[in-house]
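My questions will all concern the structure given below.
The letters A, B and C name the chains in turn, as written, and every chain counts its residues from 1.
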Amino acid sequence: MATKTNPGNFFEDFQLGQEIVHAVPRTVTAGDVALYIGLTGSRFALHASEAFARAIGYGKAPVDDILVFHIVFGRTVADISLNAIANLGYAQCRFGAPVYAGDTLSAVSEIIGLKENSNRATGIVYLRSTGFKQDGTRVLEYVRWVMVRKRDQAAPAPGDHVPRLPVAVEPSTLGDACPPINAAAYDFTLAGSPHRFADYVAGERLDHIDGMTVEEAEHQIATRLYQNTARVHFNQFAQGQERSGRRLIYGGHVISIARALSFNGLANAFHIAGINGGRHVAPLFAGSTVFAWSEVLDKTELPGRSDVGALRLRTVATKDRPCTDFPDRTGDDYDPAVILDLDYWVLMPR
Amino acid sequence: MATKTNPGNFFEDFQLGQEIVHAVPRTVTAGDVALYIGLTGSRFALHASEAFARAIGYGKAPVDDILVFHIVFGRTVADISLNAIANLGYAQCRFGAPVYAGDTLSAVSEIIGLKENSNRATGIVYLRSTGFKQDGTRVLEYVRWVMVRKRDQAAPAPGDHVPRLPVAVEPSTLGDACPPINAAAYDFTLAGSPHRFADYVAGERLDHIDGMTVEEAEHQIATRLYQNTARVHFNQFAQGQERSGRRLIYGGHVISIARALSFNGLANAFHIAGINGGRHVAPLFAGSTVFAWSEVLDKTELPGRSDVGALRLRTVATKDRPCTDFPDRTGDDYDPAVILDLDYWVLMPR
Amino acid sequence: MATKTNPGNFFEDFQLGQEIVHAVPRTVTAGDVALYIGLTGSRFALHASEAFARAIGYGKAPVDDILVFHIVFGRTVADISLNAIANLGYAQCRFGAPVYAGDTLSAVSEIIGLKENSNRATGIVYLRSTGFKQDGTRVLEYVRWVMVRKRDQAAPAPGDHVPRLPVAVEPSTLGDACPPINAAAYDFTLAGSPHRFADYVAGERLDHIDGMTVEEAEHQIATRLYQNTARVHFNQFAQGQERSGRRLIYGGHVISIARALSFNGLANAFHIAGINGGRHVAPLFAGSTVFAWSEVLDKTELPGRSDVGALRLRTVATKDRPCTDFPDRTGDDYDPAVILDLDYWVLMPR
C-alpha cells in the first residue's frame, strides 16, 4: 500500500503551467490578530483600532497585510516548499481587497518557471500564488521562487523556463485593498506621527532605532499560526544535524518584525499595497536582535485618488547591529549583518 | 484562623462515590482557537475554516476536540491532581456535542475508584469527569486515574475499589458530537488528503514524518490557557529540587502535538469521537522534539450513518527519535523513546 | 531634514501641566483575553466565563482589570518612558467603567510633577494617565512616577514640583466599574472558594503557595500585546551591554502573575477597584520563579452598596523564594527576594 503521508513535492514533480489548489482554508479571527500583535509588536492604528479604521472609511479594522500574506503563504508550503532549501525571492505582490476577522482564506498557485541548478541536485521553482476569500474575492497575489531538492538527481529536469518579472509593481495597479480614505478624519496624533505623504522625499533614509530579540517559542508560535509547516522551522532534532545546527526562523517573521519596527518613522504608512521584491539575505536564528532602517525609493500619486499617495520603500533588516549608519549593500555584497532587503509600496494619507 | 488557600486534596481526602463540582467555568473563544493553532500547528480543516465547517453540515467551525478535552481537564486539576505525582491513564472518553466559540464549559467529577499503593505514601484515584455547556449539554465525559500523594502516610486508606473499565468505547455510542455530514460537499483537496474511510485498512501503519520541538514558553502558555494549575508544569524553583530537575510538560500537550502531526496521513480524520485509552509512557521536557506514528487498529461503520465511518487508531509519540521504523512496545517494554501511547476513535467521511 | 523617528522624550522635554494625547487606540478583543489567560494563568471566574458574568449582573464578561491597566499604560510609553530608567511607583489608580471585548481604548496623560535628581543626569516625571473608551467613557485613571534620562545634563530642569498624593484611594470613590451584583446568583463553588467579604479580617495573611516561572518569550509576548515599547524589555543586544546584561521584565507582568497567583486564597476578589500604591522593589529576569503572599490591610463597606465590600490588600511578590513565611520589609529594607509591593482595593461579594 502506498503511503498516505505527504513527503512533499520534489523539483522533478512540478510542471510548467501546473495549477495547485492548496489545503487548508483558514478563517482569520480576532485571535489571530491579537497573537500577531503579541508576536510582532505591531502598532499601526488601522489594524489595532476598530474606531480608527471606521473613522477613515473602512467598514471595520482590516487584518494586517503581512498577516494576510503569511496565511496565504502558509497554505502553499505543504505543496511547494516542504523540501525547500531556501526561499529565494518575492515579486509582483499586490493586495486585492481588505481582509476582515471572520474571512476565510484559501490559496491557489500556478507554476510559472522551473530551472534546474547546475549541480543537478536542486532546482528553482517559480510560482504565482493567489489568495481568495470565501466568496472568491482575490485578496492577494504574488510571485515567489524557491530552491527545491530533487528526489533523484538523475531525473530529467521538468522544464527550463525563467519567467521575466517586472522589477516593480506598477503603481497604477495599487490601492484595490484600500477604500477611499476620509483624510479629514485621519487623526495623525492617534496614528502616532505627524508625517504624511507630502513630508517624505525620495532618497530619505530612516533609522527605526529599536531592536527586537526573537525567541524560539515566538517564531515557532508565529509560523504555526500561519500553518506553515516547513520543517526547518520546528524540528531541532533534524536541524541539529545540519550545518547551522539551529532551527531557521521563517523569513516572513523577519518581515513582520521589520514592518513593526518601521512604525517608528512610518506610522502613517497604514497599508502595504504591494511588494516589488524581497530577498532573505541571510538566515536569522533565535537569540538574535533584529534592527531595521528604510529608504524612500520613490513616491507617486495614484490615478484618480486624492486621498492617499504611494511611497516606494526599501526596508533593510539586520541582526545584532543597530542601523544608525544604515548598513547596506555595495554592489552584490551586503554588510554581513543584513538579513532582509524588502522593496515595497505603502499608502499614506496625503 | 484556617487558611483560605487551597493546598489541594490528598489521597485520604477522597471518598468513593464523591461528586465534585469544579471551578471555574470557562468561555471558549476565537482567541483560544487561534492560540491552540499557534501552539500546536493543528491544521484540520473543520476547526480551521468556518466555510469548510458550514459546507459539510456544522453550524459553524467547532472547537478542536482535544482543546475541549484540555479545558474540561483543566477544571478538574485544582480539586484532583494538584498533589498528583503522575497522570496514569484515560479511558471511556466520549464527546457528546460539538463546542463552538462562545460556549462556556464547566466540569463535574465522580470518584469511582480508590486504591492505596503498597508503600502507603500514595494512592490511585479513579474518576469520571464530565464537561457541560452553559445550557447543561454534556460535551465530554472520560475516566482518568492519577497517582496522588497522601498527606499523612498513617492515615487509613479511604477505600479499596478499582473500577472495571471496558478496553474500548463501544463504537455504537460514538458520533453524538458529529452532525450528519454532507459528504458531497466534503472537499478532499481543501481538507489536505484524498484518503477517505474506505482507503484505510486495519493493521496499516503511518509515519507522520514531521518533528516538533517544544519550548518551555509554549507548554506553559498552553497549559495556562487551559487553566490547568498542576505545579509540576510551571514552577522551576520547586522542580529544580526534584529528581528530573525540570518542569514536566503537561501530557495533554503531547497529545495535542501528536494529533497535529497526524494530519500528515490522517487529514480527513476530522473528529475524535472517543478515546479508548491513553498512557503517558515517559515524561517530556522542553527542548525535545516530538515525532509520531499511527496504526489503524480497527474500522467500523456507525449504526444508521452512511456519511461517516469510525477508525480506531493507535498513535504513538516519541521524543528525539523519528518514527520511520515505528518504535513500539514489546510486551510491557516500550522503546525508550516512546512518550505516549493513545488509542482512540476518529470519524472520517465514507 | 529632521528625523521622522521618535527618540522618545527626555526629562527636559516635559512641562508641568502639559497634556499629552497618546497614540495608538487599541481595540481589546477575545484574542487579547485568551492570550492574557495563556500568559498569566488567571482564573477569576468573572473574566473567564460569560455565563458567570451575566449571572451576577454584568452585561457580559468584562476584561481583566489588570489587562485594561496594561493596555492603557502601553499607550503612554512612547511619549513618557521610552528613555526611562525605572518605573518608580503608582498611586491613585481607580477603574471607572467595565471594559468589554470590542471596546477601543485610548489614553491621555497630564504632567503633574517634575523633580530633577541631584546628579542632574536624570529626573522624575509624575503624570496622571487616563484611559477612555471609544465613546469617551473614562475606564481608568492613575498616577505614576518614572525616572527619565536627560538628553543634556546641562539643560535646565523643566520644573521642580512633587505632587502630594494621598496614600490610598478613598473607598467611597470605588466601585464605578462594578455594576450592582446579584449576590444570590454568585456561585461560590464555581468561583473557586467559599470565602466572602465577611470571612476576611484585617491583619490576615495568605500565602498563595504556587510558583510561576517566567520565560523570555512570555514576557515579550505579553508586553508587546500591550504595545508597550520600552526598550529594556525587548532588546537583548542593547541590554547585553548594560550592567544586568539581561532584558528587564515589564513590572506589569509581575503584577499580572502575582494577581493570578492570588486566586488561591482570594478567588472571590473578582474586581480590582483601585490601586493605592505600587512599587517594583527589584527587577525580575527570565528564568526566575515568582511567588506571592497577601495581607488584608483593611476592609470597608461601600456607601449605598449591600452587594459588595472592599478589601484593602497588600500583595508582595518574590522571586525564587516561596512565601510560606511571608518575606517582607523591615523599615525601608526589603527581604532580598521581594520584587513587588502592591497596595490595592478589591471588591468581594458580601
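Observations, loosely collected:
Keep this in mind: contacts are C-beta pairs under 8 Å (C-beta built on N, C-alpha and C of every residue); 3 or more make two chains touch, one makes a residue touch a chain.
What you see is a predicted model; the values in this text were computed from it and never measured.
In the Cα superposition of subunit A onto subunit B, the rotation angle, rounded to steps of 5, is 120 degrees.
Under half of the residue numbers found at the subunit B and subunit C interface occur in both copies, marking it as a different-residue contact.
Centre-to-centre separation of subunit B and subunit C, using mean CA positions: 36 Å.
Annotation for subunit B: residues 29-32, 34-35, 215-218, 221 touch two or more other chains. Residues 1, 3-7, 21, 23-27, 29-32, 34-35, 78, 101-102, 104, 106, 134, 215-218, 220-222, 224-225, 227, 229, 231, 234-238, 247 of subunit B are the ones that touch subunit C when the two sit in their complex. Only residues 29-35, 37-41, 43-45, 48-52, 61, 189-193, 195, 199-201, 204, 206-213, 215-218, 221, 264-267, 287-289, 291, 320-322 of subunit B touch subunit A when the two sit together in their complex.
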